[in-house]
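Sharing a structure here in structure tokens format.
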Amino acid sequence: MKLIIAALKPFKLDEVREALTTIGVRGMMVTEIKGFGLQSGHTEIYRGAEYAVNFVPKVRLEIVVPDALADQVVDTIARTAGTGKIGDGKIFVLDVEQAVRVRTGETGDDAI
Amino acid sequence: MKLIIAALKPFKLDEVREALTTIGVRGMMVTEIKGFGLQSGHTEIYRGAEYAVNFVPKVRLEIVVPDALADQVVDTIARTAGTGKIGDGKIFVLDVEQAVRVRTGETGDDAI
Amino acid sequence: MKLIIAALKPFKLDEVREALTTIGVRGMMVTEIKGFGLQSGHTEIYRGAEYAVNFVPKVRLEIVVPDALADQVVDTIARTAGTGKIGDGKIFVLDVEQAVRVRTGETGDDAI
Amino acid sequence: MNKITKFAGLAAPAALFAGLPAWAQEAAETVEEIVEAAPAPDTGDTAWMMVSTVIVLFMIFPGIALFYGGLVRTKNMLSLLMQTTTIAAMMMVVYVVYGYSFAFGGGEGPYFGGFGKLFLAGVTPDSLAGTIPEYVFIAFQMTFASITPVLIIGGFAERIKFRAALLFSLLWATFVYFPVAHMAWDANGLFFGWEVFDFAGGTVVHINAGIAALVGAICVGKRIGYGKENMTPHSLTLTMVGASILFVGWFGFNVGSALGAGTLAGLAMINTFTATAGGIIGWILVEAVLRGKASMLGAVSGMIAGLVAITPAAGVVGPVGAIFLGAIASALAYWFVAVVKIKLGYDDSLDVFGIHGIGGITGAIGAGIFCAPALGGQGFAGERGMGEQLFYQVAAVGITIVWCAVVSFILFKVVGALTGGLRVTADAEREGLDLTSHGERAYHY
Amino acid sequence: MNKITKFAGLAAPAALFAGLPAWAQEAAETVEEIVEAAPAPDTGDTAWMMVSTVIVLFMIFPGIALFYGGLVRTKNMLSLLMQTTTIAAMMMVVYVVYGYSFAFGGGEGPYFGGFGKLFLAGVTPDSLAGTIPEYVFIAFQMTFASITPVLIIGGFAERIKFRAALLFSLLWATFVYFPVAHMAWDANGLFFGWEVFDFAGGTVVHINAGIAALVGAICVGKRIGYGKENMTPHSLTLTMVGASILFVGWFGFNVGSALGAGTLAGLAMINTFTATAGGIIGWILVEAVLRGKASMLGAVSGMIAGLVAITPAAGVVGPVGAIFLGAIASALAYWFVAVVKIKLGYDDSLDVFGIHGIGGITGAIGAGIFCAPALGGQGFAGERGMGEQLFYQVAAVGITIVWCAVVSFILFKVVGALTGGLRVTADAEREGLDLTSHGERAYHY
Amino acid sequence: MNKITKFAGLAAPAALFAGLPAWAQEAAETVEEIVEAAPAPDTGDTAWMMVSTVIVLFMIFPGIALFYGGLVRTKNMLSLLMQTTTIAAMMMVVYVVYGYSFAFGGGEGPYFGGFGKLFLAGVTPDSLAGTIPEYVFIAFQMTFASITPVLIIGGFAERIKFRAALLFSLLWATFVYFPVAHMAWDANGLFFGWEVFDFAGGTVVHINAGIAALVGAICVGKRIGYGKENMTPHSLTLTMVGASILFVGWFGFNVGSALGAGTLAGLAMINTFTATAGGIIGWILVEAVLRGKASMLGAVSGMIAGLVAITPAAGVVGPVGAIFLGAIASALAYWFVAVVKIKLGYDDSLDVFGIHGIGGITGAIGAGIFCAPALGGQGFAGERGMGEQLFYQVAAVGITIVWCAVVSFILFKVVGALTGGLRVTADAEREGLDLTSHGERAYHY
């Protein structure tokens, strides 16, 4: 199994989730994060004091899928999440050794 | 070492943490996340406009443990976090190459 | 490529980010988490009812870097984030199989 | 027979009060006090009117700001607060400069008060309006003029340019608000002459704001993602707080419109209570029946609908009739917001038309019905029956709607042309107006 | 000798005011005004009473809603706001329909005001109650009747069914609140006849609410996880805001109970200030000594305890005595909330009994002590000494406690039977009442 | 010629009112009422003064608490709320014990009111101050004395020890506030004798608080990370709510300082409106021009600057002049906060000096200018011209600054010595004062 981690623009979340559901992904974990990258942050001013905010709001998806599905998931995310502008995000793939479904105790591909 | 990632029902957090402490786990990272899976979300209505919310609040635990302890940790989580109802959550195991304790510079199993 | 995960004291974030930028890190993901470890939590009292809070606020950094840079990144974080007091945090290193930049479709080291 | 009929015989004495706002005379008369060129104000009336003024201000700062602000997404919170603050401040200056004059400047036409009191010319601390200092009357009216354009911004919240919102408000107040205020409340005004019941601003404030917001929602266009993305309110807690403050402050609005602390004030007070309670319960019942669950946002929406409905009617109906008036307005507003709006597909972000417009129309017409003594009301104007009273009520509503809709439409086009388009860019809308228009974020928890 | 003794001689003239609320007579008399069948209200008194009414409303919307809401967990926030809103609206309607009549309807029994003023029969805008329009008096009393059942819901917050809360409130108002209000404040009422000091509602509002909440907490049972999980307040900021609004609005409560803007009002005002300050400082000192840290929640808890304690006593003690009364009530409430409750193990979620019950009892009894001229007070009723006064104070407290406890217990059983159990399901309780009872969430940051 | 000149001839009759606060006499006189040893208070004046008192309380609870609290970081929120609550409560007790006496105790010196009214000796419910009960006057003044030390804490927020803040407030009130209040408002006071215009507390409240905060900011030292870390306000929403409540409550401050509901009150009311509007617009315009974006925090900062500026001037200028006064003060405050402060490098956390200090100085001096009849004002005192009036205005400002700065400095040193340093430890500062000083956290979402 593979763990796919993606940092994306928040407003793309629903679209990506739907696209993934279509290709058979049945679960994921979503976290709101602060992203740092090429996309520049913004400046906030409070009573004349300027603060550079270097972080940009992103959502981070974690999806565990059977090896066979991994490439397709990466492709789907890459296609759906893109706007062509800086800050579209990244996708990382890691190897997962084991998965367990708490409710049933199922393991491996059955668990996800 | 192994990194164990678990997505669980939030109200189980304290129980799981205690059970893990008992078997010798000395640290973890906890994140509040939105989970997507078989467990269905809910519907919210605001002035007649209905919104389907597909995400369910979950907590995500990350625990790095020596290889030897990994199975026991997975078991303990699986046992403690279960309610038998849909949405109990998943546990994933990944391999960790290195660990460092910032304070002391210790590495490997000593660091965790 | 390596994924470096670090749990650190929140007020160290800016310093660490700057140090990493200096050595060529161009991106990261930052999450606010609750840490559990040796550092003890605190007690809150509400109308005489005492609650022990076992979790301590931490920030969690995730940085994907080319293999070559990994050690330097770990070192830099370890050096910059330390205060010498309990709770300084941990750094974990995992292997990453693939990386994709959504905007361009670049993969591997080019993507990060 | 309602006391308003006494004005019929006021034509002559009214002349004695040349500069006095008509409404001041009405109230004074209504509460049966002897209106003379009294040298000192009545301290009790003045105390109440100052309180009324302050609590209508409270409806703006922070009442409506929170009611509206809680309903938008986090990223647009400050833009709502900021538009509220700036528009209200601007209107305060405008009111002193020409607003008071345009509405109550002594002009004898039915639509325009004239230039007689520009910069409050001729008003001194000793000038009285009825039994209260004229400065207090001006301040009271100023708060009405300040809140009305603020109500409108809810119609196109989360996407309008800041400077477009300001410019529109300025022009709208000039060409819609002041004329309608003159029509309704000045002794020489059109509706006033018709003896239309508009106790505290059903036409002037609520129908006016509702229509302008509807026109604005259409002219500005829908929010990106409207109907697809979840645009859930970022804090219903704040919305509830805002609604509560509106409830509280509305006693300044309604009871203050008695212009004194007499028996008419007492009537307006009890009616404002019961109509609001009716509004809350009305909405909740409909929701409970149709959806199986009563919601918090529903309860406060019903609250506002009830308050709006009793506004024109507070001094002419009875407390039991008011319950029904509030409940009916609330049910109609529900139907509009939850059914009609969704069918028609326009994006009135915060339902200004659905609640203020519909509530205001219901109240203005309902005032002509529930004032019937048979329904516990205080009676019709003069020798009128219900039919005749209703005719004038409907006429006033109709004129307000048409005037406001036409002028607002023109003004939106003009403002759009002057500001290079009413909307911010799509990117700015996505990122949120707080950062892109004001350089700040509302929360850093 | 306290001015209340003057009522002794009022038996005859009181007859003249058949329908007038007793309290209105008292206040009028107390401020030494000449009470005649005056044709017009006193504008100053009316202004103040309208303000009092509005600020007691503010205690509900959003005062108590925020004070309570801030103390619950995020997932139950809206349920608190919603119960507050709905119960208050319901009580406003009930008050007009039969509540006013049951309390002040002219009935001569000691427990019941009769059916004479159902639907406010016979009240017109010109009806006066003392020096103010009767409609204003009704509105003022209506706010008291609205807030009291709302106070109770804090006892079983975070687990009660919405419809159970509503039904209980309705029945409780009918069988507990209106009778006790009649006893305490109507000229024919039991406590009134005993010349019990209950200036602004120590028995009627606070002891009543505290007892009902305690009975409710026990009947409904503990929250899941109580004593194990952290049930930390989701926003102490909101709790502080709510408490502040209660402080501000309480001047309507206490000073408004003078029913006019005279010297008695001035006394009630200064006492309300100093007792509250005493309450704040009392709690903080206890905490600082016992725990080493003074907490914000402690400060506002002491604030409320002080306000509750001065409520029955505001017109009969002096400003320095009030400091001590507030501080003592606060310390007792602390002890109850932080020690006794935890020992006894019941789950009064928001400490309604601990603060309102204990504070109310302390205040009602303390009124009979600190009214002593030796303690700077205004004197006992009639020719009484402290012993006799205390006897009647304690008797009134005891009767209220027993009546309220017994009837509330029966009503909880009845309501439980009618609604299929008072509690929501365990799953719903875990998920939170906001989503499961109302289909909304409070925040989307 | 301003009406204050009438006091010139009051020397003799003033003797008749030995114990009466001078300001009460002024107002009574100013509104042209006949001041006799009236047996009963004027209900209208009393109603208004009770309202004023209550809304100044509202400025503290929760106005300033939220305005300040929203500006700090989450971890220090409760510390602000707690300091506000505790200091205000403490001042209420102190005011009754000796504060009223020190300010208005009848002493004939120019700096000190004496010991004549310790524990409010001699005051009964029937005592009058002008046309209102003395207890109401005391309560009104008590709220001023409560809010002023609270204003100061903004200067060293987020790092001071709780007990140091309390102790400093106590001493500062004793050695700075009460003396300056006596100087400005008592018939025997220094500034009062000079016929300085300080209508509602420009010197006493705002300059005083601003200077003390500046001295405090310097004595306590900068926050860790100041100038490097982002110390963004944790909730501008709360700041806006707080500012709004300040706006609303300020009518108690300013209009209440007329001590009655007459024509002077009307003037103070309209001026407070227009100056605030001017302040808002002033700041926004400067920001828009210099930065290209107008900010919400800017708008409310301008609001407060405008309110501060009109405070000393509310009864002596005209409504159009007030717009300019507000706008000028706002622009100066902007410049101070956004330019001067950053250059000088001290850390006045919430810009108490920048806004209250600068605004207060501008207003106190501006009062001497905009009172000119040529500028629409009500005239100078006596036969004075602008030069002479300005001389006294500047003298009063100067004396206040020097007195306050010197005494505050000494007190900070003393308090630092007594509490083992004014600051919490660096670790506690990092973790936040909420947890480390009070054992609570503000939010658990």
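As written, the chain order gives the labels A, B, C, D, E and F, with residue 1 at the start of each chain.
Quick note on the criterion: a residue touches a chain if its C-beta (ideal position, glycine included) is under 8 Å from a C-beta of that chain, and two chains touch if they have at least 3 such contacts.
All values reported here derive from a predicted model rather than from experimental measurement.
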item	value
Minimum number of chain-to-chain touching steps separating subunit A from subunit E	2
Any chain that touches subunit C and subunit A	B, F
Equivalent of C-E within the choices A-D, B-E or B-D, defined by over half of its residue contact pairs recurring	B-D
Separation of mean Cα positions, subunit F and subunit B [Å, integer]	53
Between subunit C and subunit F, centroid-to-centroid distance (C-alpha), Å	47
Chain centre separation in whole Å, for subunit F relative to subunit D (CA means)	34
Touching two or more other chains - residue numbers and ranges from subunit D	42-45, 47-48, 51, 55, 232-233, 291, 293, 295, 297, 439-441, 443, 445
Sequence positions of subunit A contacting 2 or more other chains	31, 44-46, 94-95
Arrangement of touching chains [line / ring / star / complete / other]	other
Inter-chain touch pairs (all)	A-B, A-C, A-D, A-F, B-C, B-D, B-E, C-E, C-F, D-E, D-F, E-F
Subunit D to subunit A touching residues, read off their complex	225, 229, 430, 435, 439-441
Interfacial residue positions of subunit F with respect to subunit E in the complex	39-48, 50-51, 53-55, 57-58, 61-62, 65-66, 69, 77-78, 81-82, 85-86, 88-90, 92-93, 96, 119-120, 125-126, 132-136, 138-139, 142, 162, 238, 434, 437-445
Interfacial residue positions of subunit F with respect to subunit A in the complex	230, 232-233, 291, 293, 295, 297-298, 301, 334, 337-339, 342, 351, 354
Footprint of subunit C on subunit A - complex, ascending	2, 5-8, 31, 33-38, 54-55, 58, 60, 74, 77-78, 81-95
Parts of subunit F lying in touch with subunit D, wherever the complex brings them together	31-33, 42-45, 47-48, 51, 55, 73-74, 232-237, 240-241, 243-245, 247-248, 251, 255, 260-267, 269-270, 273-274, 276-278, 280-281, 284, 291, 293-297, 299-300, 303, 319-320, 323, 378, 443, 445
